[in-house]
Amino acid sequence: MNKTVNQKAWFLILPVLLLVAFSAVIPLMTVVNYSVQDTFGNNQFFWAGLDWFDDMLHSDRMWNALGRQLMFSAIILAIEVPLGIFVALNMPKKGFWSSFCLVFMSLPLLIPWNVVGTIWQIFGRVDIGLLGYALDALGIDYNYTQNTFDAWVTVIVMDVWHWTSLVALLGYAGLRSIPDAYYQAAKIDQASRWAVFRYIELPKMAGVLMIAILLRFMDSFMIYTEPFVLTGGGPGNATTFLSIDLVKMALGQFDLGPAAAFSLMYFLVIMAISWVFYTVMTTLDKRDGK
Amino acid sequence: MAKITLDNLAHSYLPNPQSDADFALKELNHDWVDGEAYALLGSSGCGKSTLLNIISGLLIPSQGRILFDGKDVTTAPTAERNIAQVFQFPVVYDTMSVRDNLAFPLKNMGMDAAEIKRRVQKVAAMIDMEAELNHKARGLTADAKQKISLGRGMVREDVNALLFDEPLTVIDPHMKWELRTQLKKLHQDFGHTMIYVTHDQTEALTFADKVVVMYDGRVVQIGTPQELFERPAHTFVGYFIGSPGMNLFDAQIDGTHARIGDVSVALDGHYSAAGHTQLGVRPEFIRLSANGEGVPATIRRIEDVGRHKIVRLDVMGREINAVVAEGEDIAADTNRITFAPEGINVYADDWRIAPRGTSV
Amino acid sequence: MSDRTLPENVTDTPEMTIHKPRVTSRRFRPSGSAVVMALYLLFLMLPIYWLINMSLKTNNEILGAFSLWPRNLTFENYATIMTDASWYMGYVNSMIYVVMNTAISLAVALPAAYAFSRYSFMGDKHLFFWLLTNRMAPPAVFALPFFQLYSSIGLFDTHIAVALAHCLFNVPLAVWILEGFMRGVPKEIDETAYIDGYSFPAFFIKIFTPLISSGIGVAAFFCFMFSWVELLLSRTLTSVDAKPIAATMTRTVGAAGVDWGVLAAAGVLTIVPGAVVIYFVRNYIAKGFALGRV
């Protein structure tokens, strides 16, 4: 769409700017402030320069947390995106069953995140949970509070359970926008099922899938509540992701300086990766002439 | 290439059709002769596309059979029927180049690369897109995309039939004419059975050997353009074909004469008809007169369309059209119209009846 | 062509007799899709079923014999929650700040989204991305600064504090969603309205807003969703008066161990509002999730 140049449009943005300035810029300034100061308590602060950043960059703790975080995000994206697409392809196109699937698929998305943690905490317990009990009965030695591998599997399955529907619903919305004539033409052209997916469905879903990947990446990179409730970051530090580590550092140990430096770098990493996604997405949009 | 037989075919989109009105396509028996070019003509929603989709196998009819050269293919999937079909709105594979789009059906059939290349090149020349072969299909105009869709249909030379579902709707007028010419040439070169759906009578009449007129889910007439023009089997055909369409007069039929109001009109044969009887006369067969003979009429206005003039007349409160040659003068005191007897068709309850002793 | 009408009675003609339809039997294909969907929904519903199952058992039964359904059906756990103000006020608090947040987010996002969708102005693209970066801000980063900020201005433990804090991620999202829907409304509509003498506010409220009502619904749905499910910020910013239900749930861990039954019942009750919302928007979910961008 051709947009009119109108500098007065700033006035329309003003409410958002003021609100976001209040709820983002001021807190962020506090963080920046902490990140360059040190304290001996009693609210006495002095300039520490970039020491905290330097410390954090050489801290194994942060690098380990970042490593775990990247691995977690990569794994859940690798599972949720293909699985979500697969589910979307198999959803009923219309009628009662379509609504039925939509309602039940959306359900996990609206469950408070700590309840998601609680649900899986209960579900996975060997004594009272269906999953834990069943695995135990099958002779599999499963304990997500003791065993690192089990903890990871449980956290990942929980996230897949929680969020795959988001990818599926977005993909489904993309599929629904394909006119019937495309499928008919593909039949006429004797295209295989794979070719229909590759040349018709996937290109049409590309836009919404990018949104799905962007949202899933951002949210998985910030994940806190669910694993915190489920494993508390353990066993040991095995499922201590960036946010969990940060909250531990800031609110648990009250190491404000390092926590602030950590926060800023954390934020920068997310922004950098998201910027890449965002650029790809808007380029896709433009190419489609939207 | 094949003869396509429709045997007792009918289709309803409802699971349990109760009455005739529930059928989108009413019972139909017809042979599509191998190698002929047909046009399927009718207004929107009359069942044209339904019929086309049944032939190509995109729809399974709720009753009846379809036979290709005598072989029952009623439930055979589209791929087995080996049919090409082009849709009203362009369907292109966005992420592929124009070349890959054209080659797509051939690749799916596992044809060897050299042959694919030859055919793609040939079709590209036909649709005038040789220069764009390596472009991505995504950025092209609707015209160009539709040309690719047409090309994908034409590239398959061995198909049983080529079906076109109002393919030129989105194409520029001058390009329309050119593409239609290309399609005709394709038909002459390869002799495919072609079925061309349209609501545009010019398109239908210029393209086809035989025109099939549909109305309200029913085939009302199949014939050559000339037959449709001279002997419309149903008042709808008379109305739909010709510009302006056929004039209708309520009349009592009495053997070799008909009465319109209190005027007697001579017919070219002996008719016996019951029900709601009408005379259908094309504007081309109406003569204006000022000498007191014929049906009383008043001229409302005259439109000069270039090749001829259309005279709009008021006859007993109904609007009637007459066509007058460009050079001919229209007398100012015109107050009657007469009919050329060979141009009169007699209708009973909207269906044409033949004079006694003839079969047409 | 004024009095020319289409012939009507073509259907009842002597030539074409009506046969009783001989219906071609459609081939039955066992659907792989149905199996896939059934398995997926089973996967989604099992943990929720287990939660409901537990909420209907007594603690003795939970910790005693393992059973797939409650043997001694009890509503005791729900009764505990419904009769204790410190429990049910958690729900009330959550609902209050979620509704406040949704209202605030939409109110400020609507004009901004209009500006982004219609006008180009200095720095618009950077501004848009900057807004989006706030959606990317980890709540963990903001927990402590928010705590200090709201404490210093005396808003700690109020509903509005949580509502404002959630604006951090909901406002950018609402702007983004609404902008997508607004782009779909042709600009000619605005121009026609101005020519007809509408002022900007009148046009915006009377003409434009109804046109993007589905977009507003979708944005409201997402604001509701993300505010309802968030815990970290809402827990940090409250202590008693505005404490959300999600935070109240941690109470079940007492000296005598975990009160599983009540925990499960509280969990089930947190699912209910979401389920109700989904039920009402079920026909718009698919379109809504495309965020106006399909």
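For clarity, chains are labelled A, B and C in written order, and residue numbers in each chain start from 1.
Rule of thumb we're sticking to: contacts are C-beta pairs under 8 Å (C-beta built on N, C-alpha and C of every residue); 3 or more make two chains touch, one makes a residue touch a chain.
The model shown is predicted, which means the values in this text are computed figures rather than measured ones.
Participant: Would you mind checking which chain's mean C-alpha position lies nearest the centre of all protein C-alpha atoms?
Facilitator: Per-chain C-alpha centroids ranked by distance to the global centroid put C first.
Participant: More C-beta contacts across A-C or across A-B?
Facilitator: When A-B is set beside A-C, the one with more contacts is A-C.
Participant: Farthest chain from chain B, going by mean C-alpha coordinates, please.
Facilitator: A
Participant: CA centre of chain B versus CA centre of chain C: separation in Å?
Facilitator: 52
Participant: What is the distance in Å between the mean C-alpha positions of chain A and chain C?
Facilitator: The answer is 17 Å.
Participant: Roughly how far is chain A from chain B, centre to centre by C-alpha average, rounded to an integer in Å?
Facilitator: So the centroids are 57 Å from each other.
Participant: Taking the touch rule as given, give the residues of chain C at its contact with chain A in the complex, in rising order.
Facilitator: 32-33, 36-37, 40-41, 43-48, 50-51, 54, 62-63, 66, 68, 104, 107-109, 111-112, 114-122, 124, 127, 129, 131-146, 148-149, 164-165, 167-168, 171-172, 175, 183, 187, 225, 228-232, 236, 245-246, 249, 260, 263-264, 267, 270-271, 273-275, 277-279, 282-283, 285-291, 293-294
Participant: Can you list the chain A residues touching chain C in their complex?
Facilitator: Listed in rising order, the residues of chain A that touch chain C are 1-10, 12-13, 15-16, 19-20, 22-24, 26-28, 30-31, 86-87, 89-92, 98-99, 101-115, 118-120, 122-123, 127-131, 133, 161, 165-166, 169-170, 172-174, 176-177, 207-208, 211, 218, 221-222, 224-225, 242-244, 246-247, 250-251, 256, 259, 263, 266-267, 270-271, 274-275, 278, 285, 290.
Participant: Under the touch definition given earlier, write down the residues of chain A that touch chain B in their complex.
Facilitator: 179, 181-182, 184-185, 187-192, 195, 199-200, 203, 287-289
Participant: In their shared complex, at which residues does chain B touch chain A?
Facilitator: Residue positions touching the partner: 53, 56-58, 77-79, 83-85, 87-89, 91, 93-96, 104-105, 108-109, 138-139, 149, 152-153.
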